[in-house]
Amino acid sequence: MAEAVKKYGIKYAFGVVGVPVIEVGMALQSAGVMYIGMRNEQAASYAAGAVGYLTGVPGLCLCVSGPGVVHSLAGLANAKENGWPMVLIGGASDSYLDGMMSFQESPQVEFARPYVKYAMRIDSLERVPFHLERAIRISMSGRPGPVYLDLPGDLVNKVPDQAKLQFPVPRPPPVAGMADPAEIEKACAALLSAKNPLVIVGKGMQISRAEKEVRDFLEATGYPFLPSPMGKGLVPDSHSQNVIAARSTALEKADVVILLGSRLNWINHFGLPPRFQASVKIIQVDVLPESFGDNVVNAASLLGHGPLVVKQLHQALASKKGFASMTGEEEWWKVLAAKVEKNTDTAQKLAQDASVPMNYYHPITLIQQVLEKEFPDSVM
Amino acid sequence: MAEAVKKYGIKYAFGVVGVPVIEVGMALQSAGVMYIGMRNEQAASYAAGAVGYLTGVPGLCLCVSGPGVVHSLAGLANAKENGWPMVLIGGASDSYLDGMMSFQESPQVEFARPYVKYAMRIDSLERVPFHLERAIRISMSGRPGPVYLDLPGDLVNKVPDQAKLQFPVPRPPPVAGMADPAEIEKACAALLSAKNPLVIVGKGMQISRAEKEVRDFLEATGYPFLPSPMGKGLVPDSHSQNVIAARSTALEKADVVILLGSRLNWINHFGLPPRFQASVKIIQVDVLPESFGDNVVNAASLLGHGPLVVKQLHQALASKKGFASMTGEEEWWKVLAAKVEKNTDTAQKLAQDASVPMNYYHPITLIQQVLEKEFPDSVM
Amino acid sequence: MAEAVKKYGIKYAFGVVGVPVIEVGMALQSAGVMYIGMRNEQAASYAAGAVGYLTGVPGLCLCVSGPGVVHSLAGLANAKENGWPMVLIGGASDSYLDGMMSFQESPQVEFARPYVKYAMRIDSLERVPFHLERAIRISMSGRPGPVYLDLPGDLVNKVPDQAKLQFPVPRPPPVAGMADPAEIEKACAALLSAKNPLVIVGKGMQISRAEKEVRDFLEATGYPFLPSPMGKGLVPDSHSQNVIAARSTALEKADVVILLGSRLNWINHFGLPPRFQASVKIIQVDVLPESFGDNVVNAASLLGHGPLVVKQLHQALASKKGFASMTGEEEWWKVLAAKVEKNTDTAQKLAQDASVPMNYYHPITLIQQVLEKEFPDSVM
Amino acid sequence: MAEAVKKYGIKYAFGVVGVPVIEVGMALQSAGVMYIGMRNEQAASYAAGAVGYLTGVPGLCLCVSGPGVVHSLAGLANAKENGWPMVLIGGASDSYLDGMMSFQESPQVEFARPYVKYAMRIDSLERVPFHLERAIRISMSGRPGPVYLDLPGDLVNKVPDQAKLQFPVPRPPPVAGMADPAEIEKACAALLSAKNPLVIVGKGMQISRAEKEVRDFLEATGYPFLPSPMGKGLVPDSHSQNVIAARSTALEKADVVILLGSRLNWINHFGLPPRFQASVKIIQVDVLPESFGDNVVNAASLLGHGPLVVKQLHQALASKKGFASMTGEEEWWKVLAAKVEKNTDTAQKLAQDASVPMNYYHPITLIQQVLEKEFPDSVM
């Protein structure tokens, strides 16, 4: 198992060991996977999801049967909501005792089902590599997410039959597609006629590692942008086109909104009035076809892999006669800049206001100053 | 509800009416939806899935609470396995009696969950159009599939508050993407060096309506092809490149296989020896990113909408220096043609052999003769 | 498996055979279990539940994987609602192909879960008897209900290792308890002060085979009774204390209602006004502790096995000073008798009225006449 | 809601408040329910279960939507396994936003389902008392366990329509039954012929508050007993009939074992050789009919409420001619006493052995000394 975990690309594991997965934890360490023991599977499962988000490769969470699995559902649910790759391996009671009320016997695959893209009970020791390859691959494919493997305890201390042991060839990284050119045309048409364009940079660009493509697109177009809470940091907050300080104004007055890996959910006020224009045109870039058209009808639906599609849109738009980069002299930019300035002023005054009861801005500013000093290379 | 069903594109409904959906069935008929009453929800649900497959737009199944919903799970499960769009609307007990053991009170959304892409209980009469638009859209998006809406009986005989009634703008048809050009290049490279190429035409080409693109591709390349059981009929069986009569030979000797909307599941012998070469190169065209790499590692993974991707591959391949259409004179075609001839002979002899106990071929041939006479325009 | 099915008491099996359960069906027949092949698993599963109800021992339904199991959910759901013992054995895909998209591979234990008391996948051929004994026992214990066993196809054609084969000792029939004497006292107190007592005879008395005890109790007390739809036939409809012809009056005017294996669900109008007195005192006899107090607070809650508890109540009541059997001369009986007579007259007139459009009573009467002639021994 | 929580008997609540349940927490405090804020719903849910176990009345856990509910599954699962009464109330997203991707929208009733006896979404503010009464009652009835109520946020800040507000009459405490006298006879017969009887006192006696009845039975019979881990403390560990120090010997040599609210699961070595005699006769007292016969066939199955059944057995046995209390002079007691003495000696030596690395006994002894001094009234 440890060999397979490593072979199929997992680098970090978190967990709480105990019967029947103690030996699995030890083997992971021997195989060179970084295994970090935690105090509670809840935290371990969140960590495994987070490392999946940060590295693009699933983090592994290893837990014991029964409560171990139930505690780990937290990380699974979070990873599913957020589209983070993650593998949970849950130790299970010995299969030859099924139905006898053995130690923590419980239907763990069913427990995991609502929170995963894929759940499977490992049927034999020789097929462990098969199951891991498939689970990891599904976790990373399309919109990433968590997967669950159930490991009966009676497999743990067996020695695999080498003659039957299968190690599937590692798959190349998951592929991703590009948008339909007809939709790209619709997007360009909407943008060419836009007066108040706005880009919302969401988590999907982080997951698909579209830093370069998004920044190139923003800088080539000169469009103002807003990062979503999880999209923060993809482009530095200090970027001159970031209009987060005028968020409400930007949303209320935009006539075309480009959603880059962000959705019209509650965070984005469902894309509806009064927070958005009723007539706003939405251009949505997403990897999940089922997400197009949620809450608002799209002007263009660009399905595909973040970097590919942003580049595809960028190239198409740049090639259009009539396309011109925004300069900052447009009415739209003037409105936004004025609002940014005003709100920044207000915020700065609050930041310096140490009166009690303390406002939010002051302590955050103090923390930020320390962080900038201690971690000068971090981009925030 | 009937108005919304129609507005969002549904044309055919099947079901068994009773409390509390009698009025819904009547309203569907009044609204001009073709409603076909069945004797058992099992059959009605299969019919709704089938009509979704045939028309590309979900068929509707309308059923009563409790056993009505449970019987309809059959059609949901079938539609999910096959990727067919379908909407099941299940009448439910009155919500103001929840917990009182009212008529057929049961957790129907949970019953449907394992078999659907989406399941939701309708929360108010005014939001019926919202729920229908979303359910139908999800059913048709990406890899199509079934969805479930739970309709509490107390909504059926209410009159909606017109002031709150929402009819979302109908969405345009679901969009679909194209393959990553880098993968297209890999596919072309594999094909240019292929001696024994083979195309398997699967159900995915039917669902995505790729008749023209597949046929153009086949005829431009001259590659032999096999239809899968559900891919049959997309290209006529009588097509000269169809080598179904030499299926085993074709699979065993192919060096590059192009899977068009077909998967390496049990029907395709998992893509494994002895039915396939161990060294076979797989080029897979599919709409579901999670399906790439199942059982065999791909030489190229072409994610996207059937017609778009087949055309994309076709154009890329045709533009390659070194590409030449097969003529039938190649060794590969000679092997296949010989096998086809031999197997066809055997089959024809069996077809004419009326001895008892009867073989399979004879009655099927008789039936076929009748069908050809009665339905001369059908393509089989 | 067939040997175990028989050993643990199953006499009747229904199903649709196919891969991978063909041999199981044949073995059942060889072992002397009556196996009845059906056309659709839906009907087979209903039949298995019905035979469980009729015989008190689970009927077996045997089905193939995938759609076979999904079709059989209908019978499971019905058996669960009704408290009928039943075993569904579902063939499953080979476990050594798990995750490879083998023939009808699906998570069948999860499919069955919402509808059963117990669901388990059989882990080895040698433990088949263990799993059957437990499943059958759980099906019959407490409030009976359906259970599910998942049978991987790879077990079907193996030969069990005789050294490891376990056949658990058959268990004695499930035990059942009696009511708390303190609650019996409360019931007696309510009955001693009742003017308008009424007994409702429900399905629970059928399931627990309380024919004799219920009839003895009714005749010793002289109380009027109503059969529930599923309680019909336990005491003949022709019994002089049956006041079904005055059902509405009986319910509306009763001051104490004894629920024998019946519940205050929709059929019994939730036990609420206007169909019941707001002040009605409920004495409930049931085997499921969770059912006491539903919709109405009980005057007495008699938990236990039907025959034991009815006898216990009977003996306690008969021993009370102040208890007297009703004679028919009470005001309560006069009201009921008058209403019965009036309604019976009306019904008889309708029964003889052959005018078109036909009323319900006429054809039912004609059918009843034929049945009485053809099946003179049947008690209806 | 707070009024209903209190009215139906809940005294303690634990939770983590936030949107949308902040006001519920405040109202609970105002209504006089002791509300204890925790840092993590996982701990809060375990606490709610534990307080249910300790007081016999469900502890309440109050949590927010989404992760709040998922974290709380831990306590539900634990309470279900252990038979502890508990109510989880989970805040949910506003129902009028269903399907719009509102804040933490998720199918929480389905999340809870595998871990509860009952799960229900509250349909209206006016029916909150109805839902609470039913949920609490089911939680406490039969074998106790956890229940879940889903509370849509849009109900929280509404004002109920007083005209429609229903407060069901509080139900009396759940009733419980007694054993079938025929089984009591079997139990007596087995005990009258026993040479080496043994009582195992389990958690079920704690849950049903059978302290007095169990102690009376033990002292009247003179039988040796073992507490299960969760049955510890019902009878003081220091009781002279406690043979825990000779546990292995007692299990191995017993010829009749009386299971009082304990099961033959892994803790009790499944009741199987080599830890038990193959010929051991089992007398099982339990409240769950489905538990009889698990792993071993019973000599007698005594279904019912702990105190009632233990008393029933006690009285029946004491009335038998031929019954005599054990005196300690029997061969069985001599074997056990010798073993107890030997093992106690060994343990005491270890308890005083402070050498490093430290054994388990030493620190536990030190802790025990402190506890006895600090909490002299605690019985351990």
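Residue numbering begins at 1 within each chain, and the chains themselves are lettered A, B, C and D in the order written.
FYI, contacts are C-beta pairs under 8 Å (C-beta built on N, C-alpha and C of every residue); 3 or more make two chains touch, one makes a residue touch a chain.
Owing to the predicted nature of the structure, the values given are computational and were not obtained by experimental measurement.
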Legend entry - From subunit C, the most remote chain by mean C-alpha position: A
Legend entry - Result of counting contacting C-beta pairs for B-D and B-C, higher pair: B-C
Inset, instruction - Between subunit C and subunit D, tell me the centre distance in angstrom, where each centre is the average of that chain's C-alpha atoms. - result: 31
Inset, instruction - Using mean C-alpha positions as chain centres, tell me how far subunit B is from subunit C in Å, no decimals. - result: 42
Legend entry - Inter-centroid spacing, subunit D versus subunit B (mean Cα positions, whole Å): 51
Legend entry - subunit D, residues touching no fewer than two other chains: 107, 110, 134, 294
Legend entry - Complex contact set, residues of subunit A against subunit B: 117-118, 134, 137-138, 141-142, 168-172, 174-181, 183, 288-290, 292-294, 297-298, 301-305, 308
Legend entry - subunit A to subunit C touching residues, read off their complex: 95-96, 98-99, 107, 109-110, 113, 120-121, 123-124, 127, 130-131, 134
Legend entry - For the subunit B and subunit C complex, residues of the former touching the latter: 40, 42, 66-67, 70-71, 73-74, 77-78, 81, 97, 100-103, 106-107, 110-111, 114-115, 263-266, 270, 294-295
